[in-house]
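Let me give you the structure first, and then I'll get to my questions.
Letters A, B, C and D name the chains as they come in the text, with residue numbers starting at 1 for each one.
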Amino acid sequence: MVEMGEKCSVVGLFNVPEAAKFAYFGLFSLQHRGQEAAGIASSDGEKIHLVKGRGLVTQVFDGEKLELLTGDSAVGHTRYSTAGEDSVLDAQPIFARYDLGQIAVVHNGNLTNAKEVRRELIREGAIFQTFMDTENLIHLIARSQKSQLYDRIIEALHRIEGAYSLIFLSRRKMFAVRDPHGFRPLSIGKLKEGWVVASETCAFDLIGAEYVRDVVPGELVVFEKGKEPRSIQVFEPTPHKCVFEYIYFARPDSLIYGKSVYELRKAMGRELAKEYPVQADMVVPVPDSGVAAALGYAEASGIPFEMGIIRNHYVGRTFIEPTQSIRDLKVKMKLNPIKEVIRGKRLIVIDDSIVRGTTSRKIVGILKEFGAKEVHMRISAPPTTGPCYYGVDTPTKEELIASKMSVEETRRYIGADTLAYLSIEGLLRSVGNDQSYCMACFDGDYPVEKRE
Amino acid sequence: MVEMGEKCSVVGLFNVPEAAKFAYFGLFSLQHRGQEAAGIASSDGEKIHLVKGRGLVTQVFDGEKLELLTGDSAVGHTRYSTAGEDSVLDAQPIFARYDLGQIAVVHNGNLTNAKEVRRELIREGAIFQTFMDTENLIHLIARSQKSQLYDRIIEALHRIEGAYSLIFLSRRKMFAVRDPHGFRPLSIGKLKEGWVVASETCAFDLIGAEYVRDVVPGELVVFEKGKEPRSIQVFEPTPHKCVFEYIYFARPDSLIYGKSVYELRKAMGRELAKEYPVQADMVVPVPDSGVAAALGYAEASGIPFEMGIIRNHYVGRTFIEPTQSIRDLKVKMKLNPIKEVIRGKRLIVIDDSIVRGTTSRKIVGILKEFGAKEVHMRISAPPTTGPCYYGVDTPTKEELIASKMSVEETRRYIGADTLAYLSIEGLLRSVGNDQSYCMACFDGDYPVEKRE
Amino acid sequence: MVEMGEKCSVVGLFNVPEAAKFAYFGLFSLQHRGQEAAGIASSDGEKIHLVKGRGLVTQVFDGEKLELLTGDSAVGHTRYSTAGEDSVLDAQPIFARYDLGQIAVVHNGNLTNAKEVRRELIREGAIFQTFMDTENLIHLIARSQKSQLYDRIIEALHRIEGAYSLIFLSRRKMFAVRDPHGFRPLSIGKLKEGWVVASETCAFDLIGAEYVRDVVPGELVVFEKGKEPRSIQVFEPTPHKCVFEYIYFARPDSLIYGKSVYELRKAMGRELAKEYPVQADMVVPVPDSGVAAALGYAEASGIPFEMGIIRNHYVGRTFIEPTQSIRDLKVKMKLNPIKEVIRGKRLIVIDDSIVRGTTSRKIVGILKEFGAKEVHMRISAPPTTGPCYYGVDTPTKEELIASKMSVEETRRYIGADTLAYLSIEGLLRSVGNDQSYCMACFDGDYPVEKRE
Amino acid sequence: MVEMGEKCSVVGLFNVPEAAKFAYFGLFSLQHRGQEAAGIASSDGEKIHLVKGRGLVTQVFDGEKLELLTGDSAVGHTRYSTAGEDSVLDAQPIFARYDLGQIAVVHNGNLTNAKEVRRELIREGAIFQTFMDTENLIHLIARSQKSQLYDRIIEALHRIEGAYSLIFLSRRKMFAVRDPHGFRPLSIGKLKEGWVVASETCAFDLIGAEYVRDVVPGELVVFEKGKEPRSIQVFEPTPHKCVFEYIYFARPDSLIYGKSVYELRKAMGRELAKEYPVQADMVVPVPDSGVAAALGYAEASGIPFEMGIIRNHYVGRTFIEPTQSIRDLKVKMKLNPIKEVIRGKRLIVIDDSIVRGTTSRKIVGILKEFGAKEVHMRISAPPTTGPCYYGVDTPTKEELIASKMSVEETRRYIGADTLAYLSIEGLLRSVGNDQSYCMACFDGDYPVEKRE
């Protein structure tokens, strides 16, 4: 029930007949990573075609629009939130004509030196028609003196910093890149004679592709007709993979960084049970994201798992509020505890994070109002004390409750009987105990500085 | 994952300021009972106002339309499917002017003698402007010679047969009725000074009402300003409550017939485990409806519960299909197994029913393709061998796989290693072992005959 | 530029393959008679199909919806304004099932005894689901004891009073009726093997039908397969044909009551020139409705005709108004004088009527502001002193400027140099000098009383 | 009834509170110059805001969107046709951030060296994100070394060729420019303390601005707070003003190049009457564009003017066509002759041009079918023999009937009894007989070469 948002998902198809339609279904699988805008660019070998717009994938595209997107390669994008008044301008793919022809690009991540690079490019005479970091990249590529696109991409990558999982589409090739830290995921799959690249492997499952491997941090993969994909290790990998993908963002049926999200979430729950056991009658997840961790907690603790809170998935936007107002309307429209299950019971409630604390406070309030005897909140991640600069839409540090309150203060604020967060060590144990993860939002150790 | 559909939900509010807005949120909670059309009628004491249309509750209504629905009483409706070309005509509430003034009615259920009554009414000169059974009722009320509306309602109820949970709204009163069999649920709640009636209690939770009791089968409850609700037992109750409400239709966080849906679903799972145990590595629900039964099965069997199949809730209508088609597209857009969880494992898969068999066949197919070693299908209900005449949109008898194939034949058709259904006795034990349920779709014992 | 509105247009097709599509184009031609709602019902011989909704004909219907309307007979309707919150309910055709089968009806006009009949029907047990007068008719037909539909229609017609041009569609026949006064027009055309009935003959031109004759006041025409249309003179004709059809409502390219609207409008202009000559530099119409009369005035007076005011046809609804407001915004969005043409000139401005006077006042104001030296307003109809009860949406008597101000007072109010209205005699001379017209809105002589 | 399309209209407001709302009404007046897309950018002094989209002005904007467009300066645009799949990308204004801050631009016209300039800019590293010529200009401005925006605009103008009426909006200033030939119109008006610039003066009339003068060919006008507009004559004027603005594009109530469109159209009609008189019963315009010329013809010839063809303005897109097809459906949906007026008559039909000849052929066909005895087609412009490179969307030379058929051949093709075009000399006499007009589409004398 995190209130943070990943900014996007990307998908690419190469050498797949009707590539745009497969991109459409790929994006449909990745819809949870962005609901504000969607777009697909395809290439028929001679020309790049583009359709993008506001809304869900199924709202932006219909059969007629997909018919326009001819060709057997395509890149697609879903976007979480778009600032500014005319968000269509800030949807992706970005398309441009430049000296080597035509190019489209999709980007998941955030460049930490975007402003700096933009200022420099603007100083050199570039114009920026969108508010997206990604526009920098096309300028850098267009201004490069190299004759080959992949050389230009490499040159451009050396100018940018931060988080990027990128797919470039030219008229005849496709290029997939991951930043040296590998902040955001990007996987490669095989679909008959062709190739698929996507933010999460659940996209492969729907379209029937086979997961092959991840794009390695710092790697550029070049897809070209009649050749095997070519790998160029542009940077030495210094992995700082976003651990929040496991905690919250990714679908549990995806592999992220080659590992099952569901399995790791269960492991976090088990660790949490070991670190912060408590006497209780049942383990209840905040659905949907808390389910796997709660199963892990239940397994390790031997306390029964119960789906004690039900999620209503028919959530549309509603701006209607009776003047005689309904208490906690927004949370209640999504979540409803089962009174008969929780009444008089001691609950261990598993959520993936506490951001501002307001939602958790409401959930605890409703549970108590519905008769829960005790509410022991267990968070399957460490306290979020800092914002993310690498592609996650977090509130400012000031808004993060864990940056200004102790755990005990937070417990009192949200009204729980006890509150505990998974430790950083516990989290590391859950996800494989290697040192390859970015934990900056928990420990403030930012692998790449944000520059203004 | 049942492919049957309940036809509707109803909600009524009396003596509640901004009644229509509360009806809106009530219908939002009941959206799972009908997504095709929605409507609300309100009374300001002098005039009844009406808005209805196609689509989800959040699509049919906006703030402007709700502003039109003034007054402190209201009735609302969501509809599952609408036949015919211009479905707005077949949305509810039905509104009419008649000799006692104005009336609006909402109906969950199906009248078994609707055609007969209609023919008779038509013979007497009535005209039918919709294709809904409910229209009969208003004609009967309008033609009655009684001077009081409640007397007329009672007279009308004596002419109709079948399933009906009804709410009538006149300019100053509201009337809630349940047929003598109590086929469909209908509960009463208290909201401050006013009253709420709804198909399921989850509607009470969202708007902050307190569950009081069910409308008794055969009872008419009259709501009038300045008086306590008045109960008239129109018919001797001969309860035949729809057991499918527990199996599939209702939200697990609702009370139905006064009992927790979630708890009874778990009980069905436990019974199923006792009746049809099998050696396996994990119990996996077909989400969302199979979750509670799977938890019960896991609990009783001691076999671990795993959310091995993930449901994508961003399901929109899509008419797009690549010519190079994606296998099992429709099922895969909704459900995706987690390969890493199920690979090489023996699964007990819990679903609530098998209707035509095609979906089950696809689910088993995908599970096997994703590496499941064994798939043991367990259904938390008996085989569905007959259609429902009491308000559930079932396929014809010919289309029901259980009406033409033995369990073994069905098993072979869907490709499972074993297949078992909960017995009728097991089901009865789960839901309280009394004789008050309608089991017609399982045992062919129809409490009210369907007349053509 | 009249601010009154005709309530509707009707069209019917019989024995024409793809009847609904022809109805669609017929309604497109009649769009000027009603922009709020549109609908078509068709019969395939076994079943009547219906689609209706809010908006223009091209907005309510698309190819998919027209495909639903199978069969070779159809009736259609456009509606001017719809009261109440849910106007779809008050769109036509009205469809009903009754003892003789299925029926759909479309109606142009207003019944003067609608309330009385409704009260009586309600007393007999009828229910009214719409707010349209027309619903009465179906009840009367359904309650009749006659065995033949045409007998029932005749019986029903004897119970109603007022204005009606009606088309009934049963599964195998079509019936066209005009009230004994013939208040509203209704013409019959031939289309290959089939027949067309429409409010105006311009509908025939588009679909390629040949005008045959008008339905006679008091006549019922029965269309049946394999037979010639059969005429039944239900009532002695006592013609009181709406003269406003000539003045304003009808398209100039239509025949109304068998005569060219354009020609009669020119004749009114000529009469006006004879009755109220004035020295001036040019004759300028208020477009579009004033054009033909202005041509007549110019012809008779010898004063040059100029299109000195231009009409912007891109009128959409706009609710936007700068706080720093634009003077006379609504009139200016529609009409703009040509400064260079009118500056310093003496204008004779021809309009078809003055209703409340506010629009005329604004037009005169803009003309003067743009430099007109003199504005002589000439109205091609007598002063409108009373409301219409026969199907025209007029303001109340109190709102009609001519009912409370003398011509001289009106002149001063609108700011014209002179003002003159065509006399009733002049109008009669223009339209043929027979006594067959309803002039009630001019002379208060209502041929049928309005009963409450 | 020309089938060519002007590509756009532009409007600019400076120092006008709620500038965007005035831009909205200005664009509403100019809607005839482009119906495919519309957009407005406003500046609040600190930031430029932008909204654009597909559709009519009233469809793209609502009150909520206009609220976003704060500030007291604004530029707006309507677009005739947009190529490519995602036309939002090709709507204007174009907005960019560059080294001097933020800029928005709107453009009416076409650059003849757009490809050449773009190639050069691309060679220098520029990227093009749209398919509009206008994007070149922002690049040129951004790349300039000058420190002042107006110096940069001037520098940029020296690099481009062709037709351009441009308005630039920076955060604090506005700039209006017309190319040295003055191909497209651009007028300046005064609105209280502020200024308005627009393609046609009819926009001034609606919003209450006063026409001051035209932007002179080759002039740049700088609008700055607290100062009078400053004029810079960037180029020596070599006027080649588009004469088609008079013939067809502009509204008759506009001043174009300081002269009344209506008056000049009448003059063309008079010339045509002198050059090509014919014995006939009436002069009939093809509405709406042929009306003024027909009035002129009638005046000069003494033959009566009649509105013998009526235009239906409810034209929506329709993709519906009965299989039993309606002859000449598209023309008939727009135009309908009045049978009673033309039957047995010798008609002089006035149209403004013949492009492909197909529409004229259909019009003549319908007139003859409706009984016209003779049809003498008179065109108020010379034969269109070549395409336009200066902002008009013409068919290719091959599609222009006058480029491949003689007048006599054309006459036979369209089926008229006689056919005559206004001579180039006659046209010149009508519009003032100076040498300042572009006649390239008639005489092939292109003032600026098109470069590929």
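To be clear about the criterion, a contact is a pair of C-beta atoms (placed from the backbone, for glycine too) under 8 Å apart; a residue touches a chain by one contact, two chains touch by 3 or more.
Remember, it's a predicted structure, so these values are computed and weren't measured experimentally.
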Chain of greatest Cα-centre distance to chain C: A
Geometric centre distance via CA averages, chain D-chain C, whole Å: 36
Chain A-chain C separation of Cα centroids, rounded to whole Å: 60
Chain A and chain D: spacing of chain centres that average the CA atoms, whole Å: 48
Residue list for chain D, restricted to those that touch at least two other chains: none
Pairs of chains satisfying the touch condition: A-B, A-D, B-C, C-D
Chain A - residues contacting chain D, complex: 49-53, 65, 68-69, 85-86, 88-89, 94-99, 118, 122-130, 138-139, 142-143
Complex interface listing, chain D residues touching chain C: 17-18, 21-22, 24-25, 28-29, 31-32, 35, 56-59, 61-63, 66, 202, 205-208, 251-253, 255, 260, 262-263, 291-292, 295, 299, 304-307, 310, 312-314, 316-324, 326-327, 329, 332-333, 336-341
